[in-house]
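Heads up, there are several structures right after this.
Here come two complexes built around chain A, the first alongside chain B, the second alongside chain C.
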Partner chain A sequence: MNAAPNTPAAALSRRTPRRRLSAFLHRHAGVRLSLLLSAPMLWLGIAYLGALAALFAAALWRADTFTGDLIREVTWANFQDLFTTEVYRTIALRSVGVAVAVTLIDLVIAFPMAFAMAKLASPRAQRWLVIAVLTPLWASYLVKAYAWRVMLSSEGVLGWGYGLTATIITLSYLWLPYMILPIYAGLERLPNSLLEAAGDLGARGWRTFRTVVWPLAFPAVVAGSIFTFSLSLGDYIAVKIVGGRSQLIGNVVYDNIGAANNLPFAAAVATVPVVIMLVYLAAVRRTGALENL
Partner chain B sequence: MRSAPRLAAVLSTVSALALALAACGSDAGSGPSGAAPAPGQSGFTPPELEALKSLGASEGQVNIVHWAGYAEDGSNDPKVDWVTPFEKASGCQVNSKLAGTSDEMVNLMRTGEYDAVSASGDASLRLIAGGTVAPVNTSLIPNYADVFEGLKNKPWNSVNGVSYGVPHGRGANLLMWRTDVVKPAPDSWSVVFDAASPYKGKITAYDSPIYIADAAVYLMATKPELGIKNPYALDDTQFQAAVDLLKQQRQLVGEYWSDYTKEVQAFKSGDSVAGTTWQVIANVAKGDGATVEVTLPKEGSTGWSDTWMVAAKAKNPNCAYKWLDWIISPKANAQVAEYFGEAPSNAKSCELTADPKHCDTFHATDEDYFSKVWYWTTPIAQCLDGRTDVTCKDYAEWTRAWTEIKG
Partner chain C sequence: MSDPAVRLSGLRKSFGAVHAVTGVDLDIADGEFFAMLGPSGSGKTTVLRMIAGFESPTSGTVELGGVDVTRLAPFERDVNTVFQDYALFPHMSVLDNVEYGLRVKRVPRAERRERALAALASVRLEGYERRRPGQLSGGQRQRVALARALVNRPRVLLLDEPLGALDLKLREEMQVELKSIQREVGITFLFVTHDQEEALTMSDRVAVFDRGRVEQVGTPAEIYERPATAFVAGFVGTSNLISGSAAQAVLGREGTFSVRPEKLRVAALGDPVDGAEHSATGTVSEVVYAGPATRFVVELDAGGRLIALQQNLQVSSMDVMGLRGTKVRLVWHRRHEFAIVS
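So, the complex of A and B:
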């Protein structure tokens, strides 16, 4: 290194393989783009969509009832059981009910909080409030769920006992930050001048909210609801800890893998929340909220 | 996010496709998944696997799957420790993994990450049939000679005379209650099954399909007309009766448990006041200050006879064999039997228990007593009680029913 005159000009004029490669990439934009995107696309294609496909394929197999070994023959029996047995319908509807309730509760709590954070608090207070909202996320999920178990137990501070209501309360608490943050981000982008203009034109609080704030914040609300809805739909631990004797769709999946050793049926059950989420996303798309995210 | 509409379009196409496929599924199926003949207890041929021929150098560690209270290293109670002396004596560090149900054990063993397991009868045969565990060369385990003859070469720990493990100990599932709430002291499972139980909403039950057998044991005593001979061999009518009883019990249940810390906490706080348990849970609950007591109800009970088995693909087979020898050694077996509250498997352990009457209390040598305890066994289509004119419900159907019972 020290002997050769290694000036920048000399390096530039040299046709090293590396430079040839970068020249090639410069001329061929398509190759450049595909190389750049190949890693994320591989992730999306193999790790994510591939896993979903594997899930669906596994749902078409069956398991030996004694040893739990997979028998790789295509059968619709799992889906037939899933659709003809009433208990699975009940559990699916209950799970959707819990997810909707959690989403609505979180929305009702999060919206005013996010509004206050974005529009009423000083910039300094805003930072602290964001930190305060994020703090619960630093603690372990289990610690928080068990904390609620202790609070809800008959000798606890609240003493309301366990059950579906307890599950909804716990999940609402757990997922609240996921609702506040998107709404806060959405409302922060809302120019104050629009609120003032609404006021100047004679709109009171409710009318301003209905015609200005809500339509502009709606995509953010939808983003938050996707988080709370999907997280609640997939949860099975909180309900095990505070749910008393109730079970949700995640528990059926867990029991079929953890207890029955029936992976194919668990996969069949697991497609239910996937389908529910796809329907939800399709419905959201119709409202146009996804375009404005 | 300009790509969002496109992505969403793809997603909705996929969802439509999934819905269409699912719709096909509801009428295109040909029969229930359990239609294949299940291998019978006597009927199955285990995969050919070789037992270890001789012991080699210790690998320095062993990974075990076990029931709560089977591998105490002093972290729960400094006085209760048989893992540390083993580690010192053998040079094998014990990495222990707790399992709450037999099903969990089977699944953990199937991952291939563990060397040994304390399998109950409802797991052992599944592990053998699936080729997850290998035969055990008992001549490499000196303490095996002192194990009660009544526990050797039983249908749940051997196949065709080939031993697949060493007996750990046995006992019965018990009824636990809060002495300050449940009065008078119960002597029958009716306190957890009777629709008129005064403790509605404070009953707890074991969260596993195998609990259906507990209902069957109760029905054996209360409804003899059903003709149940073995709680793991239930035909359609008998099974339906057990399921109905459990559905009725569900109205009384506050919560189901499989994680033992959850049950301890529920009894401590009073959210549960009566329900099925293991002696070790009662010990821990008492240690935590809960006012609980246990009994073996007059109807009899389900129970377990556990076997330490070695994984077919064990990475640390030498340490696994050393652990097997250690856990059935007179001293360690006495400690674990006393802590868990079960009968030891080693005949010499009876002289080494802290409570000299332990072996009498837990009927270690009383085969007559254990004839009333129904060891956990995997239910299969071929009736275990010997009936050939009916088909019994297999474990897949038990599992499905359990989901239905919980609703």
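So, the complex of A and C:
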């Protein structure tokens, strides 16, 4: 046989190992998918779930009161302390309150902004607005927190003083882009014709918002709120800088790792925001709003 | 005489430097099935959007039933739109989609339900009430969009290429259906399309658009048989122009003339021509066999080219293919040739 080497038949007959592997992967979509996902899965499994498991395991140990050494015996004592001590309950509730307040404030500011960016601005203005929203993320967290400290100090331009309100304002500022961007992306995907169809069928602005825009943007709102809520729940630096004497969960964790040298108790406290987030996600899931898309 | 359902006067729209609509005057009568036909970018959608209220004209007015609505918002106008992408609300069931307009107008629950179900029945979608738009085929979505608009009993229904996304067979079915629904409900349909066949088969009258203007308004027969301009002749059907020296030689007249391909008879050179007929000789340069008919491209001896369409009544593909390269005589009745304004 003297077929030209470049005919398709010849190409098929040259079954190099690489070719055979490609063909095998082509035929077995499952294998292909698991190979593609293995790296992210490994990362998620070890770095993330592993860390969570370690956290929870550590929370079941206890530390020697004097030396701070770990005693690796399983005990629920840390959680008992956490739930029975009045001050921790107060701090946990306060932290949730702050996170909810920050999320709501960001939502109220972000939604109209994102809507204007996605639906009203010209394409050119849109690009600039996205950059404008992103710019604060380039500056250091500490710089922004201290800037608010200066503004809020009794001699500053705002002069409202420090405390819980100052913390909420500062956190709202810090996490605002994380609320704007997902909502912007969500509204951007919403076809203009849906808004026009609502108007065409007689709906005015508010009804269109309530019956079309909000339900379709809701998953994006949830995505944004997960950022603002969890970032607020875990924060301990902003509250140190502008919070005056108020304490949040993050401070308790931090103080127990540092000054108190009680790692197991810190771990127990740290599971609280994780559990709260899980409860939040489960609640959102139950509304069924995420399945529509 | 009652006021027209839609009256457009001196309607213009510019987007910055783009002049999308450059002066449109149209009267559309009550109950008419009216088509706006034109090539891509000729401003059809823009006109429709100005009637719906999504776009406000740079100048000119829109009247609905004798009332100037130029400055009114979409929700204040008695028109409904079937969007090209259907724009069904993806998070609502088919029934909720259809009831939307009635709910906005606070129609009582029982009546709302009844009317919505009737609308769905009229587009043959009983039993689909609980589905989501995502669970429907393209043709079914199109019909939901139609029901959602019709249920409001608007004065005018605006349709922007509603059949554009459907395949040929479904499109032909929907053309027939749309026409019968329109006859049934008696609502004025204003229909945008760039498909000339669709415009001719469905509408009572057609407006042919080109570059933001209306080139000609008329019944399908008028548009097809008496196109006013070379553009209309070319866009609606095959233009088949005879002009310049060829017009002199063949017709003995100055100007530009057009004959539709199916009006031409392909005859042998020596065939007799009667007094009411004109004819021209030429060479067949191309023969396209298309099942029921055959298309001949004939290069005229006097200059120019005509296309003739012949029904394959008694001939087979073998017979017609042999004509390529031969000399023939094209014959047509004088009343089928018409002058074109250039």
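Basically, the second predicted complex is superposed on the first by the 253 of 293 C-alpha atoms of A that agree within 3 Å, B and C clash if a C-alpha of one lies under 4 Å from a C-alpha of the other, contacts with A are read in each partner's own complex, and residues count from 1 in each chain.
One rule holds in what follows: contacts are C-beta pairs under 8 Å (C-beta built on N, C-alpha and C of every residue); 3 or more make two chains touch, one makes a residue touch a chain.
This one's a predicted model, so the numbers in the text were calculated from it and none came from an experiment.
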item: Overlay on chain A: chain C relative to chain B, clash or fit; value: fit
item: Partner chain(s) touched by A:100 [first = chain B, second = chain C, both, neither]; value: neither
item: Chain touching more of chain A, residue-wise (chain B, chain C); value: B
item: CA minimum distance (chain B, chain C), superposed complexes, angstrom; value: 16
item: On chain A, positions contacted by chain B and by chain C; value: 293
item: Residues of chain A defined as touching chain C within the complex; value: 191, 193-194, 196-204, 207, 211-212, 215-216, 292-293
item: Chain A-facing residues of chain B, complex; value: 1, 4-5, 8-9, 11-12, 14-15, 18-19, 22, 24-34, 36, 38-39, 44, 101, 103-104, 106-107, 110, 125-126, 129-130, 201, 208-209, 250, 253-256, 259, 262, 265-266, 269-271, 378, 380, 394-396, 399-400, 402-404, 406-407
item: Chain B-facing residues of chain A, complex; value: 56, 62-69, 71, 75-85, 87-88, 90-91, 149, 153-156, 161-162, 240-241, 243-247, 252, 255-262, 264-265, 271, 274-275, 278-279, 281-282, 285, 290-291, 293
item: Residues on chain C engaged by chain A in the complex (per definition of touch); value: 52-54, 73-75, 79-81, 83-85, 87-91, 100-101, 104-105, 148-149, 152
